[in-house]
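Chain nomenclature is as follows: A, B, C and D, assigned in order of appearance, with residue numbering initiated at 1 for each chain independently.
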Amino acid sequence: MNEPLLRVRGLRKLFPVGRRALGRAPDQFVHAVDDVGLDLAAGEALALVGESGCGKSTLALTLLGLETATAGSIHFEGNDLAAAPASVWKAARRHIQMIFQDPYESLNPLMTVGEIVAEPLHVHKLAPNAAERRRRSVAALEDAGLKPAEHFLARFPHELSGGQRQRVAIAAALVLEPRLLVADEPVSMLDVSIRAEILNLLADLKMRRSIAVLFITHDLGTVSAVADRIAVMYLGRIVEMGTVQEVMTAPRHPYTQALLSVVPAPNPRLRRQHIILQGETPDPVKLPTGCRFHPRCPVAVERCRTIDPPLQTIGGTQAAACIRLDEA
Amino acid sequence: MMTEVTPHAHKQPLLEVKRLSVDYVDPSQPPAQALRDLTFTLHRGEALGVVGESGCGKSTLMLALMRLLPAAGRIVGGSVRLDDIELLALSEREMAALRWKRLAMIFQGAMNALNPVRTVGDQIAEAIRLHEDASDARALDRRVGELLDLVGIAASRRNQYPFQYSGGMRQRAMIAMALACSPDIVIADEPTTALDVMIQAQILQLLADLRRQLNLSILLVTHDLGIVAELCDRVLVMYGGALAEYAGVDAIYNAPAHPYTQELLKAFPDPTRPLQRLASIPGSPPRLNDLPPGCRFAPRCPQVFDRCHLTPPRVYAITSDHLASCFLVETQQTRGARHE
Amino acid sequence: MHRSSYLAGKLGWAAFTILFVIVLNFFLFRILPGDPARAGIRDPRLTAQAQQAIRERFGLDQPVINCFESLNPLTLGNCAVNPLDTQFFIYASNLLRGELGISYHTNRPVLDILGERLWNTLLLIGAGQVLAIVLGMAVGVLAAWKAHTPVDYTALGFSLLAWSLPTFWLGIILLFWGSTYLGLPIGGKVTPGMVYANSWEQLADLARHLFLPSLTYTIVFLGEYMLIMRSTLVDVLSEDYILTAKAKGLTHFQILKDHALKNAMLPMVTIIALNLGFTVAGAVQIESVFSWPGLGGAIFEAVNRRDYPMLQGAFLLLAISVIVANLIADLLYGYLDPRVQAD
Amino acid sequence: METTAAGYRGVWARLRRNPMGMIGLIMLVVAIGVAVLAPWISPYDPHAVTRVNILDIYQPPSPAHWFGTDDAGRDVLSNFLYGARVSLTVGFFASFISVTVGGLIGISAGFLGGRTEGILMRFTDIMLVIPDLPLAVVIVALTKPSLTNIILVIGLLGWTGTARLVRAQTLSVKQRKFVVRARAIGAGNSYIIRRHIFPLVLPLIVVNTVLVISLAILNESTLSFLGLGDPATLSWGQMLNYAFTRGAMSAGAWWALVVPGFGIVWVVLSCTLLGQGLEQALNPRLTTHHLAADRTLKNLPRWELEPTPVEQAGNV
């Protein structure tokens, strides 16, 4: 089997909480990411779906080296970045880029579009001169769908619409010709009419330039426009994984089933039975025993209190972490 | 579950809004026409969804109904009638007496809409004390407990402060507060944005249940067509401060007449049909202080023709319950008439 | 956070700050040229016996601290000295016994003089400050409520002007005006040599003396409090929960009273506390203009007379009073803010 | 303070439309003009040694001495004009020191965080609580009162407010996503501070500097008034000190008391106004005042409406 572009194994990120008392190690942790493994091949898009606080953003930041992993490995193109020194990270960062949720916040208001897009080249000293930087910035802007690019170079973010800003952010990521693009909720702040443009752009980049995309979202509705596969996270764990077709049409984990059932359908004729989970996601400091979903699970049984189920393959490429899979 | 479109056709509407227009004035700029000639009705027990993208005037509409526009906002024309009361003719004092008693609101982002230094129970009690006889402290206290219970919050948490609540619970508390004086109409402004999908589903379920239990009229303001499809009977689609389409929920989703509604629906992902490619609407909404001379949607409309750039279309009736502001409707109607 | 741990934290911090001031107060006078102790020995106003007494009391034959014989000029010394025998330790233990030295000018213990003067300062600051806070906040509330109207602009203009007035100059001008046209006394706390028929007369005399300095104080700080109150309240009034209150049908007055003020008071308390430092600075200025026998006046006189023990003591007491005032404000904040109260 | 999307552009345009800011700016320009031109516009040379006659002392205003004479028979107007130099020098240099120290401490604390931030901010908190004017009085009294010392003392005691403000602003800028993005690209700390943090903190520093200048000028005049001024120069505070301690009150010489004070108020007020105006220009608030006077119903036509277009269109 070919080595995937990104291979994550046993990744864990814990944040200590409370005050450290006189040199004693803290005894309580936020289990932001807790034993996560995933593979991402070149040119593949994986959607990481979950509610806020499930650890999906922490996972992204850890993959980008903005948080240090507590344990586990992050193999990118064969190198383990989790334990790598800064120099290896700096080289890897050229190939892993990120775009953020809020296009109003992720661009420096005092820099022109040209400066923003050329900044990565500047930081990595990749372009020998200004003309080259400009040429590559223009190319990246056009790739991101801002044409003619020259028209945008001298403008400031506040002169652009939300969709255009998000395109600038994408251009600034593309200029380094990355192999992996981490997109953290890239459309949740955008109006519906603009949302599709950005999602389609991401899908095109994946197809045409075979850039792998890690698409982080809370909205199962937007997933299929971009992703090939889905990973559903709950309280720091991946509870279900599979192709979009598999997970969207035949979800196996009760959490995925519930999540999918409550996505509002844009048609009153399609009003479906909702599985509404009661209460809220438990405190990630005091995790439930056994299966961490059992307190809210509509089909939980006594065994769920004690057994912490691993992610097991069901058939095809689908896998889920639930002890009642066989019964269903 | 489908709702018939015209259950109230002959009854007098609870709320009747006619040609409501609002400007925002800025001394250094031409006034922004935030709302133009908006006309719609709301019947008792009905849920009306007001849908549109940011800047389409839906929040302005909601504030104008309550007469809570910011200082720069001016109601420049129209009428808002609640039963037989013309709200725009009331004095500020009369309006204040009517607010919350008959028209209550659920604001977006309940963290900021609740006072951080007063307990939740106290803020609910305040509304009751203001509009009803609340001399019996015991009864008032019991009432607050019942309201919290109604929205699924343990009555024992009434003495806590908003910061001790989670986002979903704050929104529930906000709903309890809105119901405090048993209003006729609850205006909900993006009540579930910024909430997680599951919490959003819980809140929508709660609103639907309460509506049935209390025969509430709900005006749901949102950008999310999905939420409207789940909860509402009728839909008002707004674009650039004006009515684009107004119809029963089934007509809007299955027989949309206005190109904007049609495009919006194509842009909306459908979880039941994965792997379909989404359509987008190129361009961006018009600036309200620099509107195009013709139809406001013309610059982005895929079915645009010459006339659209010249004059704004009127509101045409497709059926008595289906209105759209588009020349295409008129063309179809005249063509239909000729064929007859 | 628990309320008790909040309380303990604030108390501990205040204690630490006082300790810092005590240490600063010691070294400042030894690093800078005018060492009060050494100057004291040479002071011609003192007799040889008195000088010897000072030498012993302050351990002037001892090194300043371990390894340093003196800090100005810098002279290294023995590091193996018993720390208890250094000037610093003697200073600290003297301080613990309330021993602040003897004023060169009056030959009285500094502590006794400062004790009387502290009350005078508190009287002056108290009267002026309470008036300034009450009036300033009232005008600030009004200006914020009527923001961007002529009422607001008038209040704002007045406040900015008042804020720009040097305290001492306003004092001089008021003194000039009051003594010339109103026949008010030109300074001091009581009329010298006056015999009072009863305590009412004595009180009236005090009030006559207190009037102008308090007025100065009030005007200067009125502007500041008004500006702070206005901007804080304008921020609060643009919050969403004010719109909620309005939607609930509350009148403007009810919204101000029940929703806006409590939220505005939280930052106000902190800001007022932080301003106490400046307030005390104002005491130095006002007391020197009006010859008011307070701590600020003591600093002014001590500077002119090069009365270093007085200067050192007055500064210490002034700094401690500011720290204590800040502490009180912090505790008040803890009481007002539910986020501290809770749990 | 949040730097707006508009950045620095448009600040001047907004400042020009801000009456407070413009009045302050004009007043400050006038003050600087007076300070620069003092030797040319003063009717007398205050440094010239003149023989003083008892009759020259505290002369009321006259055509020869527009603002009268002082306790030494010198022309108050000339002293006043020259005094602008001292005040502005102290104001500019001391605030430069304060803002530099405060800015460095604030940016370092805010950006580096952790233990560095803890130590720096604890130190700042202590310095904030110690009343600076009495401390300045003590320090200047113990050292030689010279202009340099006064500048240093005022400058080195006046940075605490700046440090706190700059730290808060740095913290808020640091959390913004474009800084995280720069990190994700692989940019180092010094690059991020230079390119992303500093430009967004700068507007706040500018506003703060203007206000610190006014505080420095007030402090200088107070120190001088208390008799701790540089004997070699004559500042407005010193003019007041001389007048106050040398009998201007009893001589009824109001001009010797009013004129220098007017100078201080002029400069401090100009900085205060300019600072307020700059802040509003750099940070135009888009917030709504919910209790603003209700004008929403003005110009509303009567409610007898013509039939709506819907009704007209009734071709159903």
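Note that in this section a residue touches a chain if its C-beta (ideal position, glycine included) is under 8 Å from a C-beta of that chain, and two chains touch if they have at least 3 such contacts.
This is a predicted model, so every value here is computed, not measured.
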item	value
Middle chain, criterion being Cα centroid separation	D
Of C-D and B-C, whichever chain pair has more C-beta contact pairs	C-D
Distance from chain D to chain C - Cα centre to Cα centre, in angstrom	23
Inter-chain centre distance, chain B versus chain C - centres from mean C-alpha coordinates, in Å	56
Between chain A and chain D, centroid-to-centroid distance (C-alpha), Å	48
Where chain D touches two or more other chains at once, by residue number	288-290, 292-293
Residues of chain C engaged with two or more neighbouring chains	239, 243, 246
Multi-chain contact residues (two or more partners), chain B	68
Full enumeration of touching chain pairs	A-B, A-D, B-C, B-D, C-D
Contact footprint of chain C on chain D as seen in their complex	125-126, 128-135, 137-139, 141-144, 214, 218, 221-222, 225-228, 237, 240, 244, 249, 252, 254, 257-258, 261, 264-265, 268-269, 272-273, 276, 285, 287-293
Residue ranges of chain A touching chain B (in the complex, touch as defined)	51-52, 161, 163, 191-197, 199-200, 218-225, 244-245, 248-249, 258-260, 262-272, 274, 276-278, 280-281
Residue ranges of chain C in contact with chain D within the complex	13, 17, 20-21, 24, 28-29, 32-34, 145-149, 160-161, 163-169, 172-173, 175-176, 179-180, 186, 234-235, 237-239, 242-243, 246, 252, 255-256, 274, 277-278, 280-281, 284-285, 288-289, 296, 299-300, 303-304, 306, 311-312, 314-315, 318-319, 322-323, 326
Touching residues on chain B, where the partner in the complex is chain D	18-19, 28, 37, 39, 64, 67-79, 86, 88-89, 92, 314-320, 323, 333, 337
Partner chain A, residues of chain B touching it in the complex	1-3, 53-54, 166, 168, 196-202, 204-205, 223-227, 229-230, 249-250, 253-254, 263-265, 267-272, 274-282, 284-285
